[in-house]
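Everything on this sheet refers to the single structure shown next.
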Amino acid sequence: MSTPASLPAGNGRGLARPPPPARRPSFKAVAWQVLAMLAVAGLIAWAARNAGDALARRNIDVDFAFLLTRAGFDIPFTLTTWASSDSYGYALWVAGLNTVLAAALAILLATLLGLVLALMRLSANPLAAWTARATVELLRNTPQLLQVVFWYFAVLQVLPGPRASLALGGAVFLNVRGLFFPAPLSPWFGYALGAGVLLALGLSRLLPRLPLTLTAGAPLLGATALAGALTGWDLPAMRGFNFAGGWRLPPELLALVLGIGIYTAAFVSENIRASIGAVGWGQREAARSLGLSPGRSMRLVVLPQALRTLLPPLTNHYLNIIKSTTLGAAIAYPEILQIFARTVLNQSGRAIETMTLVLGVFLAVNLLVSAAMNRWDRRLAFQGR
Amino acid sequence: MKFGNRVRFWVGAAVAMLAAGTVQAQTAIPVPGPTVTAIKARGALACGVDTGIPGFAFQDSKGAWHGFDVAYCRALAAAVLGDPEKVRYVPTTTPARFTVLQAGEIEVLIRDSTMTLTRSVQLHLDEVATNFYAGQGFLVSTKLGVSKITELNGATICTLTGATLELNIADFARTNGTKIGTLLFEKSDEAVAAMESGRCDGYTDDTGSLAAVRSTLKVPADWVVLEGVISKEPLGLHIRSGDVTWRNIVFWVDAALKTAEEAGVTKSNAEDMAKNSKDPLVKRLLGAEGGFGAMLGLNNDWTLQAIKAAGNYGEIYDEFFGPKALDLARGQNKLWSQGGLHYALPFR
Amino acid sequence: MRLFRALFGTPGTAVLTVAIAALLAWTVPSLLRWAVAAATWTAENRRGCAPGGACWAFIRARLGLFLYGGYPPAEQWRVNLAAALAGAALLGCLFARRRRGAWFALLLIGVPVAGGTLLAGGLFGLRPVPTADWGGLMLNAVLSFVAVGAAVPLGTLLALGRRSPLPFVRGLCVALIEFWRGVPLLGVLFMGLVLLPMVLPQGVTVDNLVRALVVLILFASAYMAEVVRGGLQGVPHGQREAAAALGLHPLQANLTVVLPQAWRIALPGVVNVVVDLFKDTTLVSVVGLFDLMGVVNQSLKDQSWLGLAQEGYAFAALLFFGCCLLLSLAGTVLERRLRQRPEGG
């Protein structure tokens, strides 16, 4: 357990900051902790014994061996390979990747849109402020599930049927079944692209003075061109009822990301607004007297300070987004809850095991994100005063 | 120091609310074992039903439960307690249904559920009787120009998650060397709406539900139910394994409803026939002879009460799936004597 | 003229104005036609509704269920009375100029006790109504009220515990907070349904409503804790030092100096948590409780009213929008009134 050294000590003893690390704990403190420890241990032991009895009485056994058996079902959208002959355990990984993809995209959307809405709401233009306000109120006051369903059908309404697809040069197609684009035939494409990304990262770090478009853009473009030349392409084409071949982004993913991202943006914007409000006016006046433009003072002075009070609620929203991907089950996005807590649970009948696994995966992912955000938070709190 | 006071209020309120919440929560659990004792002690049968599905279980605008499965709950309650109203309906969701039954919160699960080997062996549950023979069918757009299920190669089908539907499709595709894509939704409303907007080529579900779905479409004529089914779905009455008495009661109440149809006993003439019929089968069925109720630990008028409460099997089917309701042909759900599958064991 | 400049003053604003106007012109007329002009307000069943318009007759027929669930119609006045009581107490807290402590006491102790008695019955000659019959919007309100009422103190304790110098206490609080924030509510509600009865000794059973409540309270507390912690971080360190210099006991310093300021900073976040929780109560249908969304979903299966999902969802969205807007408004008012108080009050 890492000590949040930056935080003021809770009981008022440690007035110096950071608190003295090697203070001898008082007898009272130790006694309280031992008492608390005993109470918690007792509670857990008592509950565990009851649960053991109850399981035995109800003939319920807990056994995870079913994870190795053949799944037998199809997953309509996957990032890696999947065949119905794969195991339940592998389905957890495949569905988990889908969850992570949706969550990452939604987090990006929520943050950017949240910032836009907050700045609009704080702007001097009454129309922008009013629009932002109305949007935020509308978004944050209706259940998220309804919004996801709304976006799904809005997206489906707008897109044309498979036989009337919007086509781009015979390689990219857009219709109600999804966005189809060419896929590389060889894994070397991925490796080349990965190398390009690494090179771009390294160059932009090593040569910070050169413009980013050059240091990052050139290797990325080069790698893409090279990778494309290395491999052939699998082009999507209409076969039978649907397009086949190539890569496909399903409308379910788009709707889920829009639904969760836009919904959360409303909440994020409220927190950004409150945090900006918490930065003293003096800071802004000081920035202006230094000759900074309003935009630069917002970017260089206000936002960095607002970040300090913003991070804890922002972390909450990010964790919320990760968990909200479970709403994808309502609109047929194959995420972890749908695949595992519905299909697998139903097929294997192992309710306790599957739910434990689903909770465990979410807990693990969220703890990782939470730990990363807390680290960042501590660094900020330590610097600021 | 006003804020100090407020803190004390917050804390006090929290404690009060927690206490208020838990006080009324303490009641006695039904001891596993004689299920009937538990039902009688409670004065009501805890019957697990679907949270809402046309035909099988739904609530009217007054909040009262109706449906094919609900009629079975009523018949059971009438047989055990003499009053069809003494049912506590426990709506169960798909993922929770078997767990709720295992945990002893309901005595019987009548929820358009299929028993499989895994469920029976791993979950220690029994499907005591089958009250509805269904199969998985397909509803597709007429524009596809498809007339048989085997022609669906390459199609995308919308369906529901948490049931055996997707697995059946995968099995079917594997057997026939075809590829059918599935999109899994939580609720049929979304699945059907997605199908109507062109996301899928069709919808698949139990034949019982397909009829209900087609009647809700904007232009029903644009959609057709394909001939044939790809699976067996015997929907039935489920209990925990172990209590033989309770198993017998559930089994024979179902048999009584089907035998009543064979013998021409209906909701309205049951009372009269119990008194006046000369037919030995009817006399035994309605408890005038034989003392079957006593053998099961019930009153001898148990079947009479059940039939008066729900009607015979044919009456129940007609009420919810007949021409005036969802208009689903009886097919396999006819009695064995008319070419169907319902074959009740003899009442003797 | 000033309005014109505000709308079209800069190119960016002008583009925005035109875009919004176009969007409104595209959506509003067709929406109005569906919802009002072509709508059917009275009908016996679905066949009585004109196609192409909304079938509000469905909502009218089931309004009682949507609002009260299976609560017996003869007893529904008790729900209304409890709601009125809670509303009055809330208004008192927001707008009373003096004796606000008394109003808060009423809201946090009087309303739960009186409301609980009214709703559950069994005392003073009121007919007992089992919680299995509670449902509809009323259930959402009860769940969120109790969960928030318990989560504010519990969350504050957790937030303080997370900053405690005692490693075990801190570790315990961190573990609790991170666990509850890390799992999806849908999943833990399901686990609560299955596991809670198991960890209690044989012979003790827990009402479904209480299972959902326990999970909701713990879930909300974890979120509340993080929001309050954000507020605690926003309190300048000098405040605590000043309190110590005045000779206040650490507990006293927390209660009278630090927490009031922390809550004030955290208030927008707290309102977010409350609104979020209110909408999250729609997930309780997984444990067999019928809140508003559950009742709507169930109503869609009534054979006399099949195929009316749009109307049902639109109505639910509207009700939620109204309720949540009121909550947000209350939060804004409270925020403003707290800001008016002199610093350190």
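The chains carry the letters A, B and C, assigned in the order they are written, with residues numbered from 1 in each.
Operating definition for what follows: a residue touches a chain if its C-beta (ideal position, glycine included) is under 8 Å from a C-beta of that chain, and two chains touch if they have at least 3 such contacts.
Quick caveat, the model's predicted, so the values are computed rather than measured.
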item	value
Chain nearest the global centroid, as defined over all protein CA atoms shown	C
Centroid comparison with chain B (C-alpha atoms), farthest chain	A
Chain pair that, of all pairs, has the most C-beta pairs in contact	A-C
Chain B-chain C separation of Cα centroids, rounded to whole Å	34
Inter-centroid spacing, chain B versus chain A (mean Cα positions, whole Å)	40
Separation of chain A from chain C, taking each centre as the mean of its C-alpha atoms, in whole Å	24
Where chain A touches two or more other chains, by residue	57, 149, 341, 351-352
In chain C, residues with contacts to at least two other chains	190, 194, 197-198, 202
Chain B residues counted as touching two or more neighbouring chains	95-96, 99, 103, 187, 193
Touching residues on chain A, where the partner in the complex is chain B	57-60, 72-74, 76, 84, 149, 152-153, 156-157, 161-162, 176-177, 239-242, 244, 251-252, 329-332, 334, 338, 341-343, 345-352
Residue ranges of chain C in contact with chain B within the complex	51, 61-62, 64-65, 69-70, 100-101, 104-105, 107-109, 112-113, 116, 120, 122, 131-132, 146, 149-150, 152-154, 156, 190, 193-194, 197-198, 202-207, 209-210, 213, 217, 252, 255-256, 259-260, 285-288, 290, 294, 297-304, 306-307, 309, 345
Chain C partner contacts - residues on chain A that touch it in the complex	1, 3-4, 7-15, 17, 19, 25, 29, 32-33, 36-37, 40, 47-48, 50-51, 53-55, 57, 125-128, 131, 137-138, 140-146, 149, 267, 270-271, 273-274, 278, 308-309, 311-313, 315-316, 319-320, 323, 326, 337, 341, 351-352, 355-356, 358-359, 362-367, 370, 381, 385
Chain C residues within the chain A interface of the complex	6-7, 9-10, 13, 16-17, 20, 160, 163-172, 174, 178-179, 181-188, 190-191, 194-195, 197-202, 223, 226-227, 229-230, 233-234, 237, 240-241, 243-244, 250, 253-254, 265, 268-269, 272, 275-276, 279, 282, 293, 313, 316-317, 320-321, 323-325, 328
Chain B residues touching chain A - in the complex, by the definition given at the top	32, 94-96, 98-99, 102-104, 118-119, 122-124, 144, 153-156, 158, 161-164, 166-167, 169-171, 173-174, 181-187, 190-191, 193-194, 197-199, 201, 240-242
